[in-house]
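Across the two complexes that follow, chain A remains constant while its partner is chain B and subsequently chain C.
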Partner chain A sequence: MDIQKRVEGDVSILSLEGRLDLTSSSTLKEASKDVLKNESKKMILNLDRVDFINSSGLGALVSILKEVRNSQGSMKLTNLAPYVKEIFDITQLTNIFDIFPDEKQALASY
Partner chain B sequence: MSHKLKVVFPAKWEALQIADEIFNAIANSATSDCRKAYHIRTVLSEAFTNAYLYGDNNSQNAAIIFDICFNPEIFIASIINSGNGFADTDIKWNEFPCSDEESGRGLKIIKQLCDKVEFKKIDNNKFRVYVEIKVNDNKKIKC
Partner chain C sequence: MSAISVKVDETGEKRPVSLSEIVIKLKDPDRMERENAALELISNPKPEIAENLCFLLADPDISVRNLVAEVLVKMGTASSDALINEASSTDHDVRKFAVDIMALVKDHEFIPILIKLLNDPNENVIGSAAEALGKVTSAEAVEPLIECMNSHPDSSFQAIEALGNIGSIEALPVLFEKLESDNVVLAYAAVEAIGRINSPGAIKKLLSLMNVNNSELRNVVLTTILKNAGSGGRDDLYNVSGGKFVDYLIEASSSDDLEVKKAVISELAFWTGDEVVESLIGALKYPDEEVVNLARGALRIAGSTGLNAVIKGVKNGPDSTKINLIEISSFLKSPELLKSILNQANSENPDIRITVAKTLTKYSNQESINTLLKLADDEVGHVRVEALRSLGLVGNNSVINEIVKRLDDEYPDVCEAALGALVLIGGDKTIDLLKNGIESPDLQKKIMSVRGLGWIGENQAVEILADALSNEEAEVRRYAVVGLSKMGYPDLESKLTYLLADEDPEVRKAVVDAYLNISGEGAGEKIQVLLDDDDMWVRFYAINALASLEDTSCLDKLLEIIPAQPPFVQIAIINLIARADDPKVESELKKFAESDNEDIQNAAREALESRNAI
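Right, the complex of A and B next:
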């Protein structure tokens, strides 16, 4: 998984590319930890270029969400591809995450 | 016309890295329906991950074996790994884990995406997951 980081105001945006599964979950968790510790408590994960997610990837996102909330921060997800969104739907995780169609709307919600 | 193939992966971390590319290729060969192909890829990935994480992989030769058969109507896979597995009745299939739990979703995703699923302990400390996915029951989505 490739992760590009940038900052908009006081929000860190991580753009993910590739598949989010057991092989990449630790990479994402480490990158998120780094952002929380050194950059911002407000985080957006842009999943536009995530072409595959499975339960291990979902577990990683849940783990990050817990960590963000424990740090009194907030995390939002954007740009979920339809098939990725379907996996969120069937696992009922759409109720747990703040999901936005794009970065602009996610940023506006802060 | 039916296609059959057998893929044997070592139950090792390194195999995880390439397995998804193989699953993706198989899924796209099995159907031109992108949504169904994604379901197939997901099911194979979840079965592999579950076998890798929870199987008895201590042996040097531990393997995860995929027997796959598909035709324009249906995709069938039988996934065998070492270990005792679990009893189908032990799992509350309609309940997904609470929001803060990081695991426990894989087998339920399989159940949701397949038309038929069987989990069975077979001889010699082996466990089998059998899945069927109908591939022509929805309107095809152009990739």
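Right, the complex of A and C next:
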């Protein structure tokens, strides 16, 4: 999985590309931990280019969300592809995460 | 008057435009002309221009007067001298209008004339002058305003407000006197003015009013203190003769005045103790959403200082209160409170049990998980749904067996919730149990198991799904195709070839989707096999898949089969072949444009039109 990081104001945006599975989960967790510790408590994960996500990938997202909330921060997700949206619906994670159609709307919500 | 701008006339000549021309335009019947003239004047903020405008303050047309006032306000202090002149007009309406504009321009140069106007023969002018002095704010005006307040009863209200705005402590003694006024409007205005002065003496005086009998006055005093003295929670600062400040807050929290209620509830968040928390819990019953939300917010902050009251509310409160308290309980982090929440899992009201199930995602101890397991067996389907959703978030290997049991629940939403929970928990044990599920005699369980494995999407699930491609149940084969296709299983393409001939049309349709997913542009060639399928819906599905790929490489085949198809398949073929760059398509489409079937006719005509447009 490729992760591109950039900062808009006081919000860190991580754009993910590839498969979010067991192998890539730890990379994502490390990257978000680093953001929380060194950059910002406000984070956006752009999933536009995530073409596959499985149980381990979902587990990673839930665990990152818990960590962000424990640090009094907030995390939003954007650009869920239809497949990702479907698995979020099945697992009801749509009710747990703040999800926005695009980065612009997610940024405006901060 | 001199020229202030240039205009290009009908002949294209530039000519200077005089001030008088623009001023006259302020009276033009055309609104655009008037607004353009006003903008022109505003962009030239000069005293001489303001002076030449003021005669329009006496215009009989109110819209002209208002437009001129707007121009003068926007010109700022450039209009000050002109306004001072007009404030001495013999026409009292003009004097009043000039003073009202002064209140917006707020130039300190106005103070002497405004003070003089506090003795104007016209009472309206006096009221406006007092109000304007409150806007310009100058200590010089305090003494004259006090005199005005006492000598002009009709303008007392404006004078009191102005004294509050100026904020000088010199005014406090007379404002204190006004608190005793028989006229309640003046007394309340005095309270608010004293609040704005906001000195320790002012707040002390207001606090001394907290024990007056008039509860309406007490509430005005209370809200004024809360508005001006900042958030408290500190009784040492709020020593009130006759009682503690917090007692007044608690009493006022049951006021029916919505503004008072909201101000007091917001303030109570900063106070502590069971009584404070009890009064906030009481506000949860109030039939106003904003009040309830404020009380919930305040309880998140103050709730932990009155846990006994919260626990009592969860145990014995009305159901709506219980639900609100359970929802905010995770902010209070108390084991005793958690215990009383867990007890509510036995409530007779399913809404309470649902709230408990939702809230327990915030706790991941074994007791909460056990309660969720119990709720996952609840007699009400919706309770089971919420419990399973929560178990997905906080559950672990110990709960998987129980969740799997719900995959064949009589209530479809429960099955879906169980599936979602298993996908979230994932792991080897879940995969093993789902593998067993595929072998179960129960079809529903088989299907849910194979779907779950597809969504879990871990490598360990691949072989199980690959085996399921040859399962005797068509639905199992179908979902195995769907799951493997989502996972991008590399050997799937070779296995799909024989599934193209599967006896079940739904499986063959799933194969089409899988080809689209894994083979990209090369999928067309494989999907074409299904153009001869026995099932018209599979043919229809295959044709639409080819359309999504814009693949017309099988044009001859399409033209061969079209006559024998039912109308809806013919229309799908027409839409597909319309994209083919082949001259014979045109003549075929023309034939269909003459069809007896109106839908086919329309599809063919549209196809011809779109080809001509290209």
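Keep this in mind: the second predicted complex is superposed on the first by the 110 of 110 C-alpha atoms of A that agree within 3 Å, B and C clash if a C-alpha of one lies under 4 Å from a C-alpha of the other, contacts with A are read in each partner's own complex, and residues count from 1 in each chain.
By our rule, contacts are C-beta pairs under 8 Å (C-beta built on N, C-alpha and C of every residue); 3 or more make two chains touch, one makes a residue touch a chain.
Being a predicted model, the structure only gives us computed values, none of them experimental.
Undergrad: Could you classify chain B and chain C on chain A, in the superposed arrangement, as clash or fit?
TA: Clash - chain B and chain C, as placed by superposing on chain A, overlap.
Undergrad: Does the superposition put A:Asn54 against chain B (first), chain C (second), both, or neither?
TA: A:Asn54 sits against chain B and chain C alike.
Undergrad: Would you sort A:Ile87 into first (chain B), second (chain C), both or neither based on which partner it touches?
TA: Touch partners of A:Ile87: chain B and chain C.
Undergrad: Between chain B and chain C, point out the one touching more chain A residues.
TA: B
Undergrad: Of the two partner chains, chain B (first) and chain C (second), which one does A:Gln105 touch, if any: first, second, both, or neither?
TA: A:Gln105 contacts neither chain B nor chain C.
Undergrad: Under the stated touch criterion, which partner chain does A:Leu22 make contact with: chain B (first), chain C (second), both, or neither?
TA: Once the two structures are laid over each other on A, A:Leu22 reaches both partners.
Undergrad: What is the contact status of A:Ile96 with respect to chain B (first) and chain C (second): first, second, both, or neither?
TA: A:Ile96 sits against chain B and chain C alike.
Undergrad: Classify the contacts of A:Val62 with the two partner chains as first (chain B alone), second (chain C alone), both, or neither.
TA: The answer is both, since A:Val62 touches chain B and chain C.
Undergrad: Can you tell which stretch of chain C bumps into chain B once we superpose, 402-410, 528-536 or 564-572?
TA: The segment of chain C occupying space taken by chain B is 402-410.
Undergrad: Taking the stated contact definition, name every residue in chain A that is touched by chain B in one complex and by chain C in the other, in rising order.
TA: Of chain A, residues 19, 21-22, 52, 54-56, 58-59, 62, 83, 87, 90-93, 95-96 contact chain B in one complex and chain C in the other.
Undergrad: Okay, in this complex, where on chain B does chain A touch?
TA: It comes out as residues 16-17, 20, 24, 34-35, 38, 41-42, 45-46, 49, 52-53, 96, 99-103, 105-106, 108-109, 112-113.
Undergrad: Under the definition above, what is the set of chain C residues touching chain A in their complex?
TA: Result: residues 389, 392-393, 416-417, 419-421, 423-427, 430, 455-459, 486-488 of chain C touch chain A.
Undergrad: Which of the residues in chain A end up touching chain C in this complex?
TA: Against chain C, chain A makes touches at 19, 21-22, 52-56, 58-59, 62, 83, 87, 90-93, 95-96.
Undergrad: For the complex, which residues does chain A have touching chain B?
TA: Going by the criterion above, the answer is residues 19, 21-23, 52, 54-56, 58-60, 62-63, 66, 82-83, 86-87, 90-93, 95-96.
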